[in-house]
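In the two complexes that follow, chain A is the common piece, with chain B as its partner first and chain C second.
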Partner chain A sequence: MQIERDPVSGYLTTGHEWNGIKELNTPVPRIVWFFIAVTHIWALGYWLLMPAFPLGSTYTKGLLNADDRAAVTESVRQAQAARSGWTDELMSKSYAEIQRDQALMAEVRRSGRALFGDNCVACHGENGQGAPGFPDLRRSSLWGATPEVIAETIRVGINSGHKDSRVSQMPAFGRDQMLQGSQIQEVLAYVLSLSGPAGPRPAEMVEAGKAVFAANCASCHGDDAKGKLDVGAPNLTTGYWRTGGSGASLHGVLWDGLRGQMPSWEGRLSPVDRKILTLYVVDLRERHQ
Partner chain B sequence: MIGHLTRSERQLTLYMLLAVVITGLAMLVAGKDDSLGVHGALVMVVGIAAIFGVIAEFFEPEPTENRLDSYYDEPSRIGIVFAMAWAAFGLFVGAWVAWQLAYPSLNFEAGWTSFGRLRPVHTTSVIFGFGGNALIATSFYVMQRTSRARIPDQISPLFIVFGYNLFCLLAVSGYMIGVTQSKEYAEPEWYADIWLVIVWVTYFVVYMRTLLHRKEPHIYVANWYYLAFVLIVAVLHIVNNLAVPVSFSSAKSYTIFAGVQDAMTQWWYGHNAVAFFLTAGFLGMMYYFLPKRAGRPLYSYRMSIISFWGITFFYLWAGSHHLHYTALPQWVQTLGMTFSVMLLVPSWTAAANALLTLNGAWHRVRDDATLRFMMVAAVFYGLTTFEGSFLAIRAVNSLSHYTDWTVGHVHAGALGWVAMITFGSIYAAVPWLWKRENMYSPRLVEVHFWLALAGTIVYVLAMWNSGIIQGLMWRTYASDGTLAYSFLDSLVVMHPYYIARAVGGTLFLIGALVGCYNIWMTVRAPRQPMAGPEADYPEPRVPVGSVPQAAE
Partner chain C sequence: MFKALFTFHYWLERKAIGFVVAILMVSSVGGIVEIAPLFTIHQTVEAAPDMRLYTPLELAGRNIYVREGCYACHSQMIRTLRDEVERYGPYSLAVESKYDHPMLWGSKRTGPDLARIGNKYSDEWHVLHFIDPRALVPPSVMPSYARLLNNSLRTDDLGNHLTAQRAVGVPYSDEMIANARADAFGQANPDSPLSEGVSKRYGEATTVRPFDGKPDHLTEMDAIVAYLQILGRLTEAPYKTAATTGE
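This part shows the complex of A and B:
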């Protein structure tokens, strides 16, 4: 245990040694003290200016009287004010007027893209093209295709739990034993024949299916199978199938039923944002046709 | 593994294992309709396997009288083997989740392989499995040598190592079957938490007892850090895990904290897990292995004091920087931010102390990959703490929070600092512990070093880029005052960076596997007499001073 001088650095050791490790007694470099001073003075200043220490049920407010909540409220207000030029116009005009106004539609397309991207693509796909179980917004019109109807669907949702929610339900004909397996095959053949050539399906099967349809399905899907808007029953004659369209998936719908869920956006998106989305969806449809 | 225990100690071990099996059985019976039962069965199987292990060695010859004359290194050896096993597993899962983020279908649509479950498997395996075992193993090693005292107990160190790994096993297997408290880095449920309290308090007691038996008049810096690590982690763990189980037959519990208090407790814990697990413990490692390997005296005792007290004091206040711009009152955020900035100076003092210690030994850094691991670790430590203090500033955090920048910061610390200092220390300790002349292949250490460094740099650069781009995209407004990009747009831009990160991570993983192989071959190599093993005893057998540690 003796103090030595380290030949490399020129400093003395402390004289301690542990398992061969020694320590130098090098003084703390000036620059360390300097930065300790700088950071501490900065912190002190910050504490003086900003909310910093608790005082029982309140806290030191700081000389700047800064307040996060007020700051956020203010910046939200400013952002709304900055948008208000065109959003006010959007809210005051009718759908038809807006659709004629190219400048306004450009805003709708731009801001609608981000809104649609953040809220709708997870289910309806990047361009609204849908996915099995989720309708193609460019083609499907369960409840109608006018802007007013689409706006209402977005507001209340479908089977969503919202008090005004649209309600739709395709019964589980197979599982609940309303139809026999052979009848399901028959009605399926009939339904498929409405939108395309019956293909390999024998004509008498389609014929039998027609009877099954009239007895069981027409009440919702209509005698001509073109759908009924009031119950959300889709048109079965277009060749577009929201559930995918393979024989197996349609058979699945007939067997297990279908009850799609579309969230309600009232309370989650502001009226302006919902109006933008409505116009955006309408625009998608028009550009698709 | 128990050859060094006497017959009666072996008997006691058997009784303890029996108690473990019975506890497992009780959990199995009580929780038979719950995941608790699955864990009960797991505990039983582990206990029974251990009993067979003990019985197999039970009748081996008893240790010689003089076993207490040498350091007690068996727990360290076991700990290092566990650490490397967890590293291989945890880094593999890390690489897997990284590839999942680039190609989500790599979850193969099973529940247990989903990102949400594998992510905590990764973090727990690397932090607690790899880091924790390495800390326990090296702390035993360092504490005994710098105290010049053997651990006074025989069974408890083994209990600590195996008990701790049982905790890790319960944690990781639990996530896969859906057991979690949903608190980051504190996911394990109440029964695993209670078990860890028992293990950890034993650890603390053993540590203190050894320190009290020390024959050196002073306590070396490394031990200050290890002790802070053991003590504060106990406090953090207990407070953050205060919870009420739904019932004793259920794995589920609910925390006693609510709302913003819960968030604050969680991040007080979370941040100090970083501070005392990922920082203090590994600083302990660095303060021993770096000067030892470099053969240089520590640069400054006085700087050690500044950094130690600065780090321990300031860190405890800084947790709220994880909750900037949340429901947490603004004054708490102010404190978190200012203390984080003040923390920078002691942190850099620690890094500088390590790097200045290398003055006079830079030629060794050049030639010796083991020492280079430690040098690079000190550099990354400096980098990460600078970045951390920067991110803690509210204005910066409003950009970085929720982005990959945080993930980049985490892995600059985790790969560059934690893993590098650990690999360096393990490469130094393995030949010493197994009494070998050298590692099986110094060339492979070199290979590992470059793979690890390349992997880290690729990972961190990818995440910095991706994080900053992400943050900017999320706050970019078009001229009409609406958001310019959707979240999906930012994901599309992230994709190439996610691939880069996964490649970097894969390099890092390969490096670690090379390390496992090298260590395995070293352990299996025939035992050679090493230069001056006489030095490695608590009681000097040759005059003090004349026996430098056998480093190659």
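This part shows the complex of A and C:
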């Protein structure tokens, strides 16, 4: 092993030799030193400015006091401030005033669409059309359809566990043996006859169902079957059925009962967002008619 | 000085064991500086005195979540970014994963994040959505999990699962472990006498409901829905942070 100077490049060799091949001990290129220096200076700056070094039970906070959580809190606040121009107006005006204000309603439709998509679409569908078991928001009005009622339903939910929750339950007339199988068929025939042709069901069956209805159903759905808003009992004469409307599905409701559930959004959405959603739903209904 | 450094390095390069030890020391610097201090820094895990444990039924649901690979498409981690906070709710806190062994933060969102899914939709929605996701969400690519509704939940090993969780630091009591099976039945059957024990052992706020709508049959659907309905609801701590769009 012998270190010697290479006559061509002028550098020393490493001293190793493999079958006559020797390796030059070329110095580290300047550009590498340059970038090593730059990254070290960058690191020094970062240590000073950003949270960096552990100190037992705490750490150096850095001169910039950077904090992701504070940053996102601030950016959410700024975003709220940026739209406060119209949201303040939204909160101070009545529903009727807002509905007359086309500029405000344009904001409601734009913001509402995102809010509705994030929170409501899973059950009520992209355009509020609902799904079997989940009401069509454009047609259903279990508790009433005024903006105030819709706002309250969004706030407290239905059978939700919220302290002010709306409570509604259709009993399981079949399973709990409140009605016999034949009576269920009869009342089904009667109820279907209210919204359309009775079809193949004989008139005497419909007539018998009417008596069953008066004795068992009228207390919630009303003598005229048009529903009662205070108990969330739907109007049975419109031809719209939230469970789908097939004879089998309605029979299932009569047999097993129905206890729909809507979550309370009070803890999840701000008053502004809930008001936007209320107006969005009212708007969906009006545009559907 | 450089010359001395190089001379030292030349010397070190020729010591096989010594060089390996030196490599190990240098490569562990990052870990020592960045990871080890987290165990002593107080702010790492926030305080959440109201944090409750997963019930046996929820833990069984969690195991199903792992078994079915839900974490491959769903994350459980809301980052400190405005769009995530506005869409899903308050950003995730470290303390919320305190009893997660293994953690299921995930890193891929083919489906939405689930960290705040608890109480967002009804039990009925979850069951219908598991049976046929596209009936409720037409563009969904989630597979159907209808079979969960027919699979009876295995409960004979629930006590062992609790014991295993206790071995890694989750404070399950002997009583909880002894009653794991009964509590699983009770939580999904509000009318049974077993349901009282669940509220007694896990707190009044525990959800006791017939999650899949069939109180007399304890299924894997009960377990997974019970688990989803508690996600983000083990503690109220994250809802007290300022960065929420709620009040």
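The working rule: the second predicted complex is superposed on the first by the 244 of 289 C-alpha atoms of A that agree within 3 Å, B and C clash if a C-alpha of one lies under 4 Å from a C-alpha of the other, contacts with A are read in each partner's own complex, and residues count from 1 in each chain.
One rule holds for everything that comes next: contacts are C-beta pairs under 8 Å (C-beta built on N, C-alpha and C of every residue); 3 or more make two chains touch, one makes a residue touch a chain.
This one's a predicted model, so the numbers in the text were calculated from it and none came from an experiment.
Enquirer: Just checking: does A:Asn19 make contact with chain B only, chain C only, both, or neither of them? Give me first, second, both or neither.
Expert: A:Asn19 contacts chain B only, not chain C.
Enquirer: Given the touch rule stated above, what does A:Arg83 touch, chain B (first), chain C (second), both, or neither?
Expert: A:Arg83 sits against chain B, while chain C stays out of touch.
Enquirer: May I ask you to decide whether A:Ala172 touches chain B, chain C, both, or neither, giving the answer as first, second, both or neither?
Expert: neither
Enquirer: When the two structures are overlaid on chain A, which partner does A:Asp68 contact: first (chain B), second (chain C), both, or neither?
Expert: In the superposed model, A:Asp68 contacts both chain B and chain C.
Enquirer: Figure out whether A:Phe134 sits in contact with chain B (first) or chain C (second), or with both, or with neither.
Expert: Second partner only, chain C.
Enquirer: For chain A, which side has the bigger count of touched residues, chain B or chain C?
Expert: B
Enquirer: After the superposition on A, what does A:Leu229 contact: first (chain B), second (chain C), both or neither?
Expert: Touch status of A:Leu229: no partner.
Enquirer: Once the shared chain is lined up, is A:Tyr59 touching chain B (first), chain C (second), both, or neither of them?
Expert: Both chain B and chain C are touched by A:Tyr59.
Enquirer: Would you check which partner chain A:Gly267 touches, where first means chain B only, second means chain C only, and both and neither mean what they say?
Expert: A:Gly267 contacts chain C only, not chain B.
Enquirer: Between chain B (first) and chain C (second), which does A:Asp118 come into contact with in this model arrangement: first, second, both, or neither?
Expert: Touch status of A:Asp118: both partners.
Enquirer: Is there a shared patch on chain A that both chain B and chain C touch, and which residues make it up?
Expert: Overlap of chain B and chain C footprints on chain A: residues 53-54, 59, 68, 79, 118, 121, 126.
Enquirer: Can you list the chain B residues touching chain A in their complex?
Expert: Within the complex, chain B touches chain A at residues 145-146, 148, 216-218, 220-221, 288, 291-292, 296-304, 306, 325, 329-331, 334-335, 337-339, 341-342, 344-345, 348-349, 356, 359-360, 477-478, 480-489, 535, 547-549.
Enquirer: Within the complex, which stretch of chain C touches chain A?
Expert: Going by the criterion above, the answer is residues 33, 36-37, 40-43, 80-82, 85-87, 89, 91, 119-125, 128-129, 135-138, 239, 241-247.
Enquirer: Enumerate the contact residues on chain A facing chain C in the complex.
Expert: It comes out as residues 53-54, 56-59, 68-69, 71-73, 75-77, 79-80, 118-119, 121-123, 125-126, 131-134, 161, 260-263, 267-271, 273.
Enquirer: List the residues on chain A that touch chain B in their complex, please.
Expert: Chain A reaches chain B through residues 6, 8-9, 11, 13-14, 16, 18-29, 32, 35-36, 39-40, 42-43, 46-47, 50-54, 59-60, 66-68, 79, 82-83, 86, 107, 110-111, 113-118, 121, 126.
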